[in-house]
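One structure, pasted below without further comment.
To keep things simple, chains are lettered A, B, C and D as they appear, and every chain counts its residues starting from 1.
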Amino acid sequence: MPDSPKQSLRTAVAGVSGYAGGELARLLLRHPQLTSTPPIFLGRLSEPDVHPTPLTQLHPELSGLPFADELQVSAFDWKQLERESIDLLFLATPHEQSRAWVPDAIGHGMRVIDLSGAWRLHSDSLRAVYKLEDRDPAGAATLQAEAVYGSPELHGPAIKKATLVANPGCYSTSIILALAPLVRANLIDLGHGIICDAKSGVSGAGKALIPNNLFMHAADNLSAYAVFGHRHTGELLEQLNLAEDQIQFTPHLLPIPRGILSTIYVRLNKKCDRAEIQSIFDQFYFDAPFVRVRRSPQLPQIQYVVRTNFCDLGFQLSSDGLRLVLISCLDNLLKGAASQAVQNMNLMAGWHEAEGLL
Amino acid sequence: MPDSPKQSLRTAVAGVSGYAGGELARLLLRHPQLTSTPPIFLGRLSEPDVHPTPLTQLHPELSGLPFADELQVSAFDWKQLERESIDLLFLATPHEQSRAWVPDAIGHGMRVIDLSGAWRLHSDSLRAVYKLEDRDPAGAATLQAEAVYGSPELHGPAIKKATLVANPGCYSTSIILALAPLVRANLIDLGHGIICDAKSGVSGAGKALIPNNLFMHAADNLSAYAVFGHRHTGELLEQLNLAEDQIQFTPHLLPIPRGILSTIYVRLNKKCDRAEIQSIFDQFYFDAPFVRVRRSPQLPQIQYVVRTNFCDLGFQLSSDGLRLVLISCLDNLLKGAASQAVQNMNLMAGWHEAEGLL
Amino acid sequence: MPDSPKQSLRTAVAGVSGYAGGELARLLLRHPQLTSTPPIFLGRLSEPDVHPTPLTQLHPELSGLPFADELQVSAFDWKQLERESIDLLFLATPHEQSRAWVPDAIGHGMRVIDLSGAWRLHSDSLRAVYKLEDRDPAGAATLQAEAVYGSPELHGPAIKKATLVANPGCYSTSIILALAPLVRANLIDLGHGIICDAKSGVSGAGKALIPNNLFMHAADNLSAYAVFGHRHTGELLEQLNLAEDQIQFTPHLLPIPRGILSTIYVRLNKKCDRAEIQSIFDQFYFDAPFVRVRRSPQLPQIQYVVRTNFCDLGFQLSSDGLRLVLISCLDNLLKGAASQAVQNMNLMAGWHEAEGLL
Amino acid sequence: MPDSPKQSLRTAVAGVSGYAGGELARLLLRHPQLTSTPPIFLGRLSEPDVHPTPLTQLHPELSGLPFADELQVSAFDWKQLERESIDLLFLATPHEQSRAWVPDAIGHGMRVIDLSGAWRLHSDSLRAVYKLEDRDPAGAATLQAEAVYGSPELHGPAIKKATLVANPGCYSTSIILALAPLVRANLIDLGHGIICDAKSGVSGAGKALIPNNLFMHAADNLSAYAVFGHRHTGELLEQLNLAEDQIQFTPHLLPIPRGILSTIYVRLNKKCDRAEIQSIFDQFYFDAPFVRVRRSPQLPQIQYVVRTNFCDLGFQLSSDGLRLVLISCLDNLLKGAASQAVQNMNLMAGWHEAEGLL
């Protein structure tokens, strides 16, 4: 059933007030398969009193899009979702809420795409960074086992049939897509260790009123943070099947609104030439509409991926053919969040993967 | 007495945690007349519990300056100020605190430079925008009458003798310095009305954790605010001796950390040529070390004043000789706050006006 | 004929290498009415030797869009345009080239949308700022008389039938859309004079390798330029039917890639209240899909229009009901150039005005 | 002799029109030991026809500084330098000019601080990246042998006596200062290889009118460049005594005007704890006034070093005590160029190292 096209998919987004939520609203309102009925937009658990709020008050940029000026954002309410016969629920909520709500949503018969980190990790110990286990809802362990990591390039067939898709982290997407072809080809000297030096625009940190999100902190600045301790590390370990000391990931805060560039340093376990590496990437992403493999020595830049669902990959090889620098770029709010979620929806609904995303 | 040089001036800064406070600390620590004893740095009323705090924890950029790494920021305390025999107190505090504390400070024998708006306006009705009157301290009215508006270019002699200097607003400084020469020369057609379209970097709004101060709000953006209602308007009226309908002031939030550019539109009451206007400005600021009058048609730019105490002025005249566009630039945290305060201190202490400011 | 829908419109873009050309390419490649055959992309007269060039080499961000990776940009060549039976030619070329080429294009049976300033002005004296007259091609005067100023909100019916559409300037669009409703309503005290203080992102200046386009010039800066002398002034005079001394326009260079905000100061010729003004704008733009009239005192911001075809309008009225501040925002490369051109194409082809633009 | 203070040092700067030249001018005009006679400012070889030019026309921000408004920038002329009895010549010129001029300058009895890469490298093969050898002036080899690499923290005593100081590269300074203490302590597993992922503001690329320096290229963007091939690599090898495959350096272009942050990945050759590492850095830079060692886990940020001569260092150690991430920040135009040159001048003249730099 999930494989057959369905025109009348009814969708809802919880947590629409954030940056990723706003992008998701924009994409769904313009989606060619969703022109008959607009999505339901809901707030977060922490915002019950401010609803209903006009969608265009939260996101003035959406005004003028189909339906947008009439839509209200309501407080989260299971009854409304049932009444509206929602088929697919997007959660752009904090991970605590996502962890608590997903079992209920699935109990109500919905399929879910969760944009938080709540359901991305299968290992209990890795998931401990999210501090979810204390109040884990009934059935969480079973659901976790069935959750599919929402990377269409790696898990497309499973996503099509999934009930729960855990939409990947933004940093993780950029790094995993760069490394997966080489890991699968067994070309990396894992004993040597992989270095991932990643840089992200400010929207990656969300809308929270904290000093690090102030213009006066981020502008004209660059800073490293969460060295040896960023939560996205677990996704790298599980998706690339690595041990903890085989990969090292350092995020930095860039003075731009959006975009991630990851510079990844790899030692190869055999001497390669440029054509071999190029061919491995070209073949791996041959039919992936949203991964653009650049011709070495041309390298990706953030400006070419911002406001798109593309992940751009490029590389440069040392003259000894043993050391590789990979560059991976994407828009953290789109391929790193909202548009990757729509790509997953397209797969789940049986539509073309790129529907509404070009 | 205030006119005679005094090497051993003892200074204190209350409210050092903000952006202007940090700049003030930097200027005082490097001031050539203050090398023997460092200033006392104090917090705000709202921060009593977090003190003492190392100065370089609040402002890591100050580390390595003389004294800086040893200094602690204490909670505000009159006894400490007395014990240290403070001569001059800088207040970089919210206007409510400045209004409440100044009478006490002066009662304790100190001279005061207040960077807030609390004492800038002599008219009760204009000052109403600060909502201070309800709990006005005893003696406030008398003190207000004696307070000197701290524009060294307009009130230098009075500042030298002042007990209380009300340091001007950042927007006000940029606009008043541009208009004062023409107002004094009676060249403006006041009936026509003056338009001041001003643009400021984000630091002008302070360190508050509010949505407008977020990087994601200010970056890649421009917005007008407080149209027909900005508090600095009162300073324009009093200092330029204008009626409310003779000047209109619209501030905008620029996506840069610091700097103000004001574009000012004036109708002249008689036909002028470029040389006349140039000469009026040149003469008015002949001996002002921190106002740079550019040769028309060369115009000021924010980049040339940032991180300096200069206010740059320039103008362009219409071909009919009747319409004038003035451009005025300064650094809102320096000439618009901290370094203008130091310029005032120099005058009050009988030092050279530019001491420690080039 | 132009009014009847035509699925198979064949389009070409000359001057695709610039910023507006790149945006135009993106919009045409994704346009739902142009899915069968891609546009022909051509270079500028000054770039004959570097062609053919892959489109995605000039604009790497376009890779992955339909056709994009196969398309070559050729040197300009009338024979190719004839061979491909081009119906509609977009010129994103310097105004000298546009002036020279349009008569030929029309002679070859094409309709033309010209994005330069070459054909916008009907008055010879105003057009003198473009220095075109010396080598004006045969028939230019006749063509000029028939050229339609491509503002869909003001000249929609004429655009539908036009052979030559002169796409408006970016500053002009933002100012004209803000003022037209009030001018038509005869509410402005024109004798007093209108002040337009406009601010634009750097892309407005094009890709030229000149000092003003350097990052180190524009970043962390703001500067006014072309005071009393910007070429877009002529469009304001003609479209709003104003005399030269009735409007004054000062552009500024903002440290952002794209977006214009114009702050416009108007004296009314009779006392109005907010509801009256709001109603004038609401009615004027009732059926305009790309003008969003904000509720006063809510004001437009650049961030809400960037990457869209919207022009956002807002206003604030003084308490005496006589002075009005208008704020107008748009994306200079889109509503100020490429997407307004597509909006014009939609009208010329008889399609829905918003086709491919939401 | 060089060790004894000399009040009347006569200085000249060739190549004052660039960004580093402008900063150098600012520092020298304000230098407390140079108040009696201002420096001579000269242009580049490529700019003979545009001189003399007022200094403040090239650098409007310098207006108002002592002497600045009277100074002219002349074409380069040995006779003028002799006539003015110049003791110390700063070269902020392209490396070809520096290579050609230094022997002459020294022949004329001057000491030289060269800010280019022309004299930094002792190895002929490493220096080959500058393509200087073809037209190497007479005596270049001897001079090269005597040239001192101008890192005051590493070569202070030699700089004091040097005739020719080769001022270090900006990237090199940030990386060498971070690694030198660990290299000297023999703590790095060099066989594993060091990764230096460095990010620099746009001013590092100079004032050239090239596409990469455009605002529209750099803003809202990040890009890697010169992967496996940046010219500063040679300085790392020589100063840290490393073989080519022991260090890997990837520069990136940050969307900010100035500042460098280098993230450096090191494998230790024995298990360490945080205190050991901290102590190595603290001791190494105990009396270095311009290296600020942060307490781990506090890390440097670009905003705290911009507009200063400080290099800030910080680190974080993995829990296994074997992997180290170093962060190093400085201002590329100051500690990475102009102010490090002044620090070198202070040493050469026998003044306090920090004179005029705080």
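The definition used in the following text is that a contact is a pair of C-beta atoms (placed from the backbone, for glycine too) under 8 Å apart; a residue touches a chain by one contact, two chains touch by 3 or more.
Since the model is a prediction, treat every value here as computed from it, not as a measurement.
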Comparing A-B with B-C, the one with more C-beta contacts is B-C
If chain centres are mean C-alpha positions, then the most distant from subunit A is chain B
Subunit A to subunit B, mean C-alpha position gap in Å, rounds to 46
The distance between the C-alpha centres of subunit A and subunit C, rounded to whole Å, is 36
Between the Cα centroids of subunit B and subunit C the separation in whole angstrom comes to 41
Check: subunit C positions touching at least 2 other chains come out as 217, 220, 255-257, 301, 303
Subunit D residues touching subunit A in their complex are 192-193, 195, 197, 199, 217, 220-225, 227-228, 245, 248, 250, 252, 254-257, 259, 261, 263, 265, 267, 297, 299, 301-303, 306, 316, 318-320, 323, 325, 327
Residue set of subunit B touching subunit D in the complex reads 30, 60-61, 63-66, 220, 289-290, 292, 294, 301, 303-305, 307-308, 310, 358
As the complex stands, subunit A meets subunit B at residues 19, 202-203, 207, 209-211, 213-220, 255-257
